[in-house]
Structures are given as C-alpha cells and as structure tokens.
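Two complexes are shown next, each including chain A; its partner changes from chain B in the first to chain C in the second.
Then we have the complex of A and B:
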C-alpha cells in the first residue's frame, strides 16, 4: 500500500495506523440495521459466537421450511400442534415488515429469546452482513473503566439475555420449544470479550463520551429485568442500545473531524495542544449532536460528511509523513495524538511543499469522491442509513401494527410519507432514560438531571420548554413526573420501577 | 370597553408553567360556573336552583335575573349588574337592533352569559356549591374512613383490573403499545388479583389525604385519586369502561403493567395459569412447575 494507492481509492486504502491502531476509527463500519437487528446481533455476539451473520438468513429459511414439515415437527418431541407453532412464529412473534419488505418472504421475529437470533435479525438477507453486535462489544470496552469491569458487565449481560428459571413464563416456554428444534449445533455459551479499551485507563477517567454513559445505563437496564415481562424488558434494552450505539458513532464522527481541524491548525500555526488539551478539546463530548424536537437526518448527514472529509485528511497526512520517513505507528491515546500534531507542526514546511493541501483538496472536492462525501453512496450513505433506521420508529407495511415500535428516538413529524424525522422519544425510551437517570441518584431528581442525562448522549433538550413540550407531555402521560409548583416550575422525576432502587440500596 | 379589556387581558403572565395546567384542572373541577343546573343553594326561606333560577332567568334578561338574586349579592356586584342591565336594555331597543341586528344579538348574549357566570361564581363560592360537589363530599368521606363507600370503590377497581375472574397479562406487547389484534396476541390468565385498601399508620401523624389500594398484595400501591373514584362511581351509574377518561386508563394500564412483571415470574401465582396463543384452542398450562398442553374444548368439557 502506498500514497498512490490511497489517492486512487481513499476509502479502501487507509493508513495501517489509522485502520488498526486508532481509537477513533469507526469499526465495524456501520451499515443499514434496525433496532431489532442490533439486539439480535448482540445475542449472537454474546452467546452464539460460532454463528456468522451471513449464515443467519439461510438458517432462517431452513427453520421456516422445517416448521411446515409435519415429520420434523413430530420428531422434535414437542407437545404442541404444528398449526399453533406456526401461529407463534408467523403471528405472535412476528416483527412487522417495513413497507419495502412487504412482498419478501422471510422470517422476521421479535428477539425475545436467544434462539430467535439464530434464525432472524441479520442486517442483510443475502451476502455478507456487518456485525452490529461487535459495535456494542466495542462500546462496552470503550465505556468501562478497565477490562475487568467490561468483562463483569459482559457476564451480566450474557446472564440477562439468557433464559433462567426465574424468567418470564412466556420466555421460558419459547426457550423450551425453540430448544427442541435447534439444529445447527449452536450452543448458548458466553463468548470472549476482546480487550479493546479504546483509550488508556488514566486518560479515559477524565473524559466524557457517550459510551461511558451507555455502560452505566446498560447495567441499570439489566437490573430492571425482574420488574417486567420479557417483551417489555427486551424493548427497554433495545431503546438503550439504539440511543447508545448511534451516539457512539456520531461521537466518533465528531472526534475524527476535531482531529482533522487540529491537524489543519498545526499546519498553519504553532498550535500544538498538550495531551490534556487534546482530551478536553477534541475527544470529550461537550457539545450536542441532535436537538429534541428538531429534524435529525440533515444533521446526521452533516456529521457523516464531516467524518469522511476528516478521514481523507488524516490519512493523507499519515501517508505523506510515511513518504517523508516519519512512521506513525499508533494513535491510541491523547498522548500519541498530541505527538502526531507536534510532528505535523515540525514538518509543516515539508508537508506543504509536498503539496499535501492540494492532494487533500483534490480528494475532498474532486469529482471522484463527491458523491461519497455528500453521503449519496458508500460509507457516508451507510452511516446515515444506520442512524436513521436504528433511531427512527419502525414504519410497518401492515397498518394495524404501526404501534409495534415504542422505543424510538426519531419519529415522523407528520403523516405524509416525505415528512421529516424529528427527535422525539417514544414511551419505552423515555421509561428507560428516566430509570437510568434515577438509578445513579440516591434522592429525588428534577427534570434538569434528565436533560443532563440526554446531553451525555449528545441530545440537547431545552429545559424551559420541557414542561410545555412533547417530552413533558409524554412524561406526564407515563406518570414519571410530579409537578411541584412550590419549587417555581420544578418537575420531579418519579422512578418507574420502584423496586430497582431498593435492590440497589439493599 | 372595560368589559372587553377585562375579558381579553392576559392574566397568566405570573403563573409558572407547571402551575398552569394544575390550576386549569382545579378550576375545571371546582368552578361554580360549570356546576350542574340541578345544584342548589339552601336559603332560609326557599331553595335557589342554578338551572331554573339563575341560568333560565339571566338568559331572558339581566334585569330578570338580578331581581332573583339582588339580596344575595354585595353592593358592588349589584352595581355592576345594574350597569350591565342598562346595556342589556339598550341592546334590546329597536333603535340599536335595527341598525346592526347580528352584532347587537351577539353582544347581548355575551353580557348575559358574563352576568350569569358572574352570579354563579359569586354565589357558588359563598355557599360552597361547585361542580360535582356531591361526589366531592363522598370522596371526602372515603378518605376520612367511611369503610362502606371505600369497600364499594375497591370492588369496582378490582373489576377494572381483572378480566372477570382472571388476571390477564398480554405477553407480547410493551409499554405504550396499543393492544395487538387477537390472532397475534399471546396472553397468560392467572387467578384474580385481589385489591385491598392499605391501612396507613395514623398514630403520631396527621391523617393521610390519599387512600392507597394494594393490588395482588405485591408491588406498588395504587392511589385512589379523585379521578379514579369518580370514574368508578360513573361506571356504577352505567358508564361503559370504554368511556373512561385517559388519565384513569393510563393509571390502570401502568398498574397492570407493573403487576404483570411480578405475575409472570411468580411460580405460586403461575400454578394453574394458562397461556393462550391467538385464537387457537390450544392452552399451555403451568402445572407443578411443568408446561402441559391442553385443548380448550377438553377443558370446558
């Protein structure tokens, strides 16, 4: 690989340090996925390690065929009749298809029990799918204080996702029935969590980014499991994964952009931030990505586009430095990032003389990459698709089932088909959020804490508009707030699952 | 012009935004202007009905209405009503009527309505007559410990929580999701969940202002709010459960959802419970910790 190959195809030929040894490279590269795909993939990543994503659609087809074969049904030793089992698969468990999938025949089930993930919930119906479960795995690594903590959380998640004797009766029955029909030798066994902490421990503790909040909240959601039915809990987990995964990806996009801006500053002025400044200014999530009540897709597209611009820029600098004999081996900490900026500053004249700026401008603004950078195709388009479909409310082909998805973060502003997607959370996401927000707190918390909690995920809510806006209305409808006129328009949050707080304090 | 300013001037600038909906709620519940026409004020010599003595008379003319209630109002109020009466008469005069009949009629309606509300509020506040004042009095009795009324309300709440003699949990729907169509529904039917009033300790502390009900003996107690109590009484008088107000439906749904989490895990409650899938006749029953498949026809036979 070389600078020439990079110029030829900048998306394929990233610098080895950027590709493998950077904490801000988005890996695995997100593509289209729905919230249920993320949950199903997490099941596989957690307990069915041997099953590859690309094998799921075939397994699903075979399973659907088997469910219609009387002989196979009898051989399984089940006590239930075949017709009822088919109603379970195609009616009760079925997750509604989207309008563009209405004519396709494939098994799409709500990931209630681990076995469902063996047959449905891959991002694509043919070919190689990306693995959203790995993204969650990496997020757990990023957000945990150390590897031990990440492993403990992984173990807890594995236990919660599995079905035990104390689980919901429906989940236990489904687990038993699916177990009788399991064929491909898959076994529900905890998988190994790779040691990918992202940043070094001492740096991580003073930085704020969405994965850190996500890890705390994931533990809260696991703790709430005994207080609801399995379907309710899975939807709660799904809501948390949606918010966390997209916030994580947007944060990475933003970090890339900030790093590129810092490199440009170093190229033009003597501005080399120290490691601490790099952490505070470039890495920490201080701003917000989305605003409650506002359209989201154009902003997501903007972040994706900026990420692509930055990716080209950073890689061009790394390749050019290599040509000049300066080898950058890794960028896995703020310290190393600060070192890179210093080196760029030192070699400023040589880099500019080598025509770095012209190369970057040509790659960023040239005709060849224009469509990719405008998020019309390739990585950028995939990123936008990922965020929009994971966050957005599921659109259903069957009109009766349009209320199926309640854990959304984005919803259509109006009924017409081209209506913009605005940030507006569904009841399940609000419940999950309020629960996680109150879990940290020992006493009562006001609405301000909720706003701060959302800000940790990069969503801005105007505190003054909460009471009268959509969020306030939904909070009241769900009985999650107490209006307190004594406190001059204060609103106090009420824990939705009161038992969880007791468990924690006990 | 004074009346126009009074009616259109913004008065809520100093009200905090959280207080506003609550004040609106209170004014809706307590406003004497909205009291039922059958509400009455007991005077020493006679009874004054809101409907026939105030509404009917003020709708004829302000003078007619004022003659009925003059003695019961303060001097200032009478003075204001007299001025309105003059306006009312002026608007009835043929000179005004002929020139702009529609405007005159509208104006007359407005001031008669205003005068009527004014009198209703003045008398209602003074004599303690509000909308649903009987119901409020009953609710007060329940809170202060009338066991008979409380028992009646508890039974009605129990009927609302349970479906006939069973407690039903929909297994494949989540919070906020509308009920899925019957062929796609999986439900578990367990034994009826009892509702009982919670006795709060009163020694050494003031009497509680809200009664709580425990449901199924477990989980979060349900507050017997005024709205719930009123709905229960209206159901008793023949209202259909489908007409329950939204906050009450939300309260019951939340309570059921909370209880469902406990019910689907508790082996004691689940013993003998039945899972039904869609409209199929197959029943999956839980007996002695095992799943048993039955047919509903056999069960009913």
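Then we have the complex of A and C:
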C-alpha cells in the first residue's frame, strides 16, 4: 500500500493507522439496515457467532421450504400441526414487508426469540451483508469504563436475549418449537467480546459521547425485562439500539470532521491543542446532531458528507507524513491525536510544499469521488440509508400494518410520499427513554432531565416547548408525566415500569 | 439604528400604549412579555426603548405613564430598581411580578430563552410579539414564517419597497421565504434563527426608492438579473443548478469546469466567487442544502455594497455558464440516431420500439476510454448488457446500490459505432434482483414489445437516461420510468 494506491482508490486504501488503530474510524461500515435487522444481527453477534450474515438468507429459504414439507415436520417431533406452524411463521411472527419488498417471497420475522435470527434479519437478501451486530458490540466496548464492565454487560445482554424460565409462555413456546427444527448445528452460546475499548480509560472517563449513555441505558433496558412481555421488551431494546447506533455513527462522523478541521488549523497556524483540549474540543459530543420536530435526513447527509471529506483529508496527511519518513502508528487516544497535530504543525512547510492541499482537493473533487462525497453513491449513500432506515418508522406495503413500528425516532411529516422525515419519537422510544432517564434517579425528575438525556444522544429538544409540542402530547398520552401547573419546575416524569412491578406483586 | 430594530421598537411602543390606554386607571396592572428576536437584536430594541426610561404613554386623562422595559438575560448578575428599566435574569422577573410597587412592565424575551418563565410570568401576564410556540426550539421554520408577527414584519418591509405590481410583491415575498428557509437549514434549525432575522434586518436596510431586484437579491443571497426585474423562479432554479453542479464535481473542480469556456471577466468573477465560497463552506453538500445562504455575499445585519463577482455573475451569466450543451472536454458523446422527432434543446429524443445510440469517444482520443453503463437494480435489460459485456466488458460489480458494468473502447478499437438496445426479456441466467433499499417499489417488468423509448442525455453532466412508455403513457405521462444511465467514468483530456 502506498500514497499512489490511496490516490487511485481513497475509499479502499486507508492508511494502516487509520484503518486499524484509530478510535474514530467507523467500523463496520454501516449500510442499509432496519431496526429489526439490527436486533437480529445482535442476536447472531451475541449467541450465534458461527453463523455468518451472508448465510442467513439461504438458511431462511431452506427453513421456509422445510416448514412446508410434511415429512420434515413430522420428524421434528412437534405436537402442533403443520398448518398451525405455517400460520405462526407467515402470519403471527411475520414482520411486514416494506413497499419495495411487496412482490418478494422470503421469510421476514419479528426477532422475538434467538432462533428467528438464524433464518431472517440480514441486511441483504443476497451477497455479503454488513454486520450491524458488530457495530453494537463495538459500541459496548466504547461506552464501558473498562473491558471487565463491557464483558459483564455483554454477558447480561446474552442472558437477556436468551430464553429462560422468566420469559413469557409465548416466547418459551416459540423457543421450544424453533429448537425442534433448528438446522445447521447452530448453538446459542455466548460469543467472545473483542477488547475494543476505543479510547484509553483515563481519557474516556472525562468525555461525553453517545456510546457512554447507550451502555448505561442498555443496562436499564435489560433490567426492565421482567416487567413486561417478551414482545414488549424486544421492542424496547430495539428502540434503544436504534437511537444508540445512529447517534454513535453520527458522533464518529463528527469526530472525523473535527479532527480534519484541527489538522487544517495546524497546517496554517500554530494551533496545537493539548490532549485535554483535543478531548474537550474535538471528541466530546457538545452540540446536537438533530433537532426535535425538524427534518433529519439533510443533516444526516451533511454529517456523512463531512465524514468522507475528513476521511480523505486525514488519510492524505497520514500517507504524506509516511512519505516524508514520519510514521504514525496509531491514533487511539487524545494524546496520540494531539501528537499528530503537533507533527503536522512541525512539518507544515514540507506538507504544504509537497502539495498536500492540492492532493486533497483533487481527491475530494475528482469525478470518481465527488458523487460519493455528495452521498449519491458508495459509503456516504450507505450511511444515509442506514440512519434513515434505522431511525425512520417502518413503511409497510400493507396499509393496515402501518402502525406496526412504534419504536421509531423519525416519522414522515405528512402522508404524501416525498414528505420529509422529521424527528418525532414513537411511543415505545419514549417509554424506553423515560425509563432509562429515571433508572438511576433517586428522586423525581422533571422533563429537563429528559431533554438532557436526549441531548446525550445528540438530539435537541427545547424544554420550554415540550409541554405544548408533540413530545409533551405523547408523554401525556402514555401517562409518563405529572402536570403540575403550580410547580415552578413544570412537568415531572413518571417511571413507566415501576407501576407494573407494583401491580404484579399485588 | 437598524431599521428593523426601529420597526420592532415601534411595534412594542404601539402595543404597550394601546394596552395602557385601555386600562381602567393609571394604577392598574400591566405585566406583559414580548417574545422577539434573538438577543443580538433584542439588546438594540431595548436600547431604543429605554431612551426615555421606558415606553412613555399619554393616558386619556392627560397623565403620562412610563412603562419600564426589562430585558431578560440569564447571565445578568444585577437587576434594576423596582419601576425602572434594565437587564435582569428570570428570577428577578418573578420578583417584579410579585412586587405591588411594580404594576407595569414589558419584559423582552429572546427565542428559546425563557426558562422558568413559561409557567410563572406568563400565567400572570399577557404576551405579544411572536407566539411563544413559534419562537421555541421545537418550532419548524414554517411555524416561524407563518407567525403573525413575522408576517407583519415582512409585510412592513414589502410596503417600503417601490413595487407596483402584485406579482412582483409575491415574488419578493417568495424570495424572502426561500432565503429564510435556507438560513434555517444552514444553521440546523438553531433556536435563535439568527440567520433568518439577519435576512429580515437586511431587507429593512433596502432604501424605499431603490430598484428592488438587485438589493433584495443581494439581501436574500440570489444572483440578480441583468434587467433588474425580479425573476424569482429562475433565480432560485439557477442556484439549484449551480448547487447540483458543484455537488457532482466538487467546488473547485466544478468552478474550474465553468471557467473552461468562459470569458476573462467571467473567470475573474468565478475566481472571486470560489474564494468567497471556500471561506464559508467547504462541503458541496452543505452548499446544496442552503445555496442562497452560502451564495450571499452579505452575512451581517446590514446591506453592505455588493462585491464585483456578485454584480458580474447575474442570473443570465450563470445560465450561460451552466448551459447544458457546454460539453466538457473529454466527455463521451452519446447521440440518438433514430429519433422520431428531431431533438431540441432541453428536450428528449423519442424513438419507437428500440433505440439506436451512437456512443463515441472524445475528439483526439488515443487512449482507451473507461465508461460505465449503470442499470438500476429494478430494471431487467440484461441481455443487452450481456451483449455489451461479450464485446468489451472488463468488470462487473453486482449487488452494489447500483449495478454497474465497465468496459473500455477507443476510437481505433473495433467496436461497432452504434449500439442497439432492443426491448428484450432477461435470460434466466441473470442473477436475481438484489435486495436493496434503492430498489423501487414498483419493480418493473421488461418493457412491452411495442413501447416507445425516450432518451435524454446531458453531455455537461456525462449522464443520460432512457425511459420507456406505451402509447397511452406517451400521451398521459411521458416522464415515467428511467431505464438506465450511461455515465463516463473518466474525463480524459
């Protein structure tokens, strides 16, 4: 690999330090996925490690075929008749097809129990799919204080995703029936969690970024499992994964851009931030990515575009430094990032003399890359697809099932097909959010805390407008707030699942 | 003082005076909150209002009353005495509300900056200016634009202009609206909407006797017109075309391309525009999202005199520079040879049943040209593509968001000069449809055998489409479904 190879194909030939030893490189590269695909893929990443994403569609086709073969049905030892099982697969468990899938015949099921993930829920129906489960895996590593904590959470997640005696009868029955028909020797067994902590522990503790909040909230969602049915819990988990995964990707896009801006500043002025300043100014998530009630996709496209520009720029600098004999081995901490900026400053004249800026412009604006940077194709387009489909409410081919997805973060502003996607959370997302927000609170919490919680994921809500806006209306509808006109602090949040606990014990 | 500030101050004075005069006596209470512009403007409004110590009102009985003005600022550490104007934090506003000795005041509150006011001050007072919901962080720019107070300010500005025709007035309103939307996009729907307020401020700086188009276009961030008449639709569209051109080619290269056949004066202006754009926006996608915001040479509260490049690059100059027929050097030449109607500028070639395309390499091209034929995944024209591949195919990239095939040819290679694309069904060996979100919901069957085809090729963008339709559709909806795209991969000069 060399500078020339990078110039030839900047998306494939990243600098080794950027590719393998950088905490802000987006790995795995997100592509199209739906929320259910993320959950299914997480099942596989957590407990069916041996099953590759690309093998899922074929396994699904085989499974669907087997479910219609009387001999195989009898051999399984099940006590239900074949027609009933067929209705379970194609009716009860079926996840609605999207408008562009209406004519396709394939098994698409709600990921209610782990075995469902063996046969459905891959990002693509053919070819190599990317692995959203690995993205969640990495997020857990990033957000945890240390590897031990990450492993503990991974273990808890594995146990919660699995089916045990505490799960409801419907889940246990499904688990049993799927178990009788399990193919290809798959075994539900916890997979190894790679030690990918992102940043060093001492730096991580003083930074704020979405994965840290996500890890706390994931633990909260796991804790809520006993208070609801399996279906409700999976929806809750799905809502949390949606918000967390997209916020994480947008944060990484932003960090890339901030790093590139810092490099540009170092190229033109003596501006070398210390490791602490790098953490506070470049890495910590201080602003917001999306605004409640406003269109989201153009902003997501903007972030993706900036990421691509930054990725080319950072790699060009790393390759050029290598040509000049300065080897950057890793960028895994704020300290190392600060070191890179210092080196860029020291070598400023040589870098500029070597035509670095012209090279970057050439790469960013070449015919091959301009459309990619404009998110019309390639990585940028995939990033936008990922965020839009994971956050957006599922569009269904069957109009009757349009309310299937209630854990969305984005919804269409109006009925017409080209209506913009605006930030407006669905009831399940709001339940998940309020639960997580109140989980570690000793006393009452007002909606201010809810706004701060959303801000940790980069979504801005105007607190003073919650009472009259869409969020306030939904909070009231779900019984999640106490309106207190006399209280100076306004609305108080009501824990959604503690009441359930009391009812059950009573 | 900024005319917008004076206008807002006048609105506050008039409203306060009306309210005071309607009170039963001078001792009656009037606690009111004005929801207005961001703090940058609100401070100026405050300074204007407190010139006389507050709003001075002559009551019906001849007595005069001074209503103190309180500017809300959470960073304020001190607060004025009861009954006096000044800057104070929210907690002090609450104190004033509770003071019997302070029966009247007008509080000025900036957008999204009314913590602890919503349920306290407002429940014991009335409010005016913007609706608090339109001025909040969760309101959309449409809510803000449609607010009565904003509309009254826009109407106030339009009334000042020397516009006689109603259509011109409507165009001016649309231009302001587009510009405000772009500012909101660029600022990512920030709660203060400072960009939108700055546009209002700039349009208030336009002298009433001046010709409207150039100055309004300057204030709103559009290119002006040669004849000085508003042409909002064209002005907007040309910016969109520029944005999409820069998105396709990048800012530097896109502008370089425009300079290729430009005159020296154009080149100079384009160079200056390039400097302007690079200084404020380094990502073409960002420019495309809010073109007028970034195009505008004026970004402050006042209407500065326009730079040379803005005066030179008028609507007409941009139209000429962005002319589609200006085929870039090194572009593939694609022509339809069996059209039914002769092609016309900006129109489509229509053929019957099949299309004969003449694809030729750029002039003076010795090296092989790499080109790509892109088939959207929902289309099945495989046999045609395979016949291409049989000839000169190099690689096939299946299952990407678009399926593409690359081949190379040169003017000297033995490739037939004309490729026929008949309407055929796909062979069974063709891979199944990939599952991809870009797949259209209405996945198409092969075109009916007696269908018409329509070719549109834009040499400037190296991009062409062929659409098919039946005879009925030809009459009803000729712009139906794109069949495939032909894109030149490399521009070889």
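For the reader, a short list of remarks on this structure follows.
The rule we apply is simple: the second predicted complex is superposed on the first by the 496 of 506 C-alpha atoms of A that agree within 3 Å, B and C clash if a C-alpha of one lies under 4 Å from a C-alpha of the other, contacts with A are read in each partner's own complex, and residues count from 1 in each chain.
In this text, contacts are C-beta pairs under 8 Å (C-beta built on N, C-alpha and C of every residue); 3 or more make two chains touch, one makes a residue touch a chain.
Note that this is a predicted model, so its numbers are computed, not measured.
Once the two complexes are overlaid on the shared chain, A:292 sits against chain C while remaining clear of chain B. Touch criterion met: A:404 reaches chain B, while chain C stays clear of it. Of the two partner chains, chain B is the only one that A:226 touches; chain C does not reach it. After overlaying the two complexes on the shared chain, residue contacts for A:431 are found with chain B alone; chain C is out of touch.
Contacts of A:87 after superposition on the shared chain: chain B is touched, whereas chain C is not.
When the two complexes are overlaid on their common chain A, residue A:99 makes contact with chain C while staying clear of chain B. In the superposition on chain A, contact of A:468 is made with both chain B and chain C. Legend: residue contacts after superposition of the two complexes on their common chain; A:339 is shown touching neither chain B nor chain C.
Of the two partner chains placed around the shared chain by superposition, neither chain B nor chain C is touched by A:444. Shared interface residues of chain A, touching chain B in one complex and chain C in the other, are 467-468, 485, 488, 490. Residues of chain B that touch chain A in their complex: 16-19, 21-22, 169, 171-178, 180-181, 183-186, 188, 219-220, 250-251, 254, 257-258, 260-262, 264-265, 270, 273, 275, 277-278, 280, 282, 284, 286, 291-293. For chain A in complex with chain C, the residues that touch the partner chain are 32, 98-104, 124-128, 288, 291-295, 298-299, 301-302, 305-306, 309, 361, 364-371, 373-378, 381-382, 385, 389, 397, 422, 460-471, 485, 487-488, 490.
Contact residues of chain C toward chain A in the complex are 112, 114-120, 123, 132-133, 136-140, 185, 188-189, 191, 247-254, 282-286, 288-289, 398-399, 401-402, 431-441, 443, 462, 489-491.
Here chain A touches chain B in the complex through residues 79-81, 83-84, 87-88, 91-94, 110, 112, 166-170, 173, 176, 226-232, 235, 400-401, 403-404, 406-407, 426-428, 431, 467-468, 477-479, 483-485, 488-491, 497-499, going by the rule given at the top.
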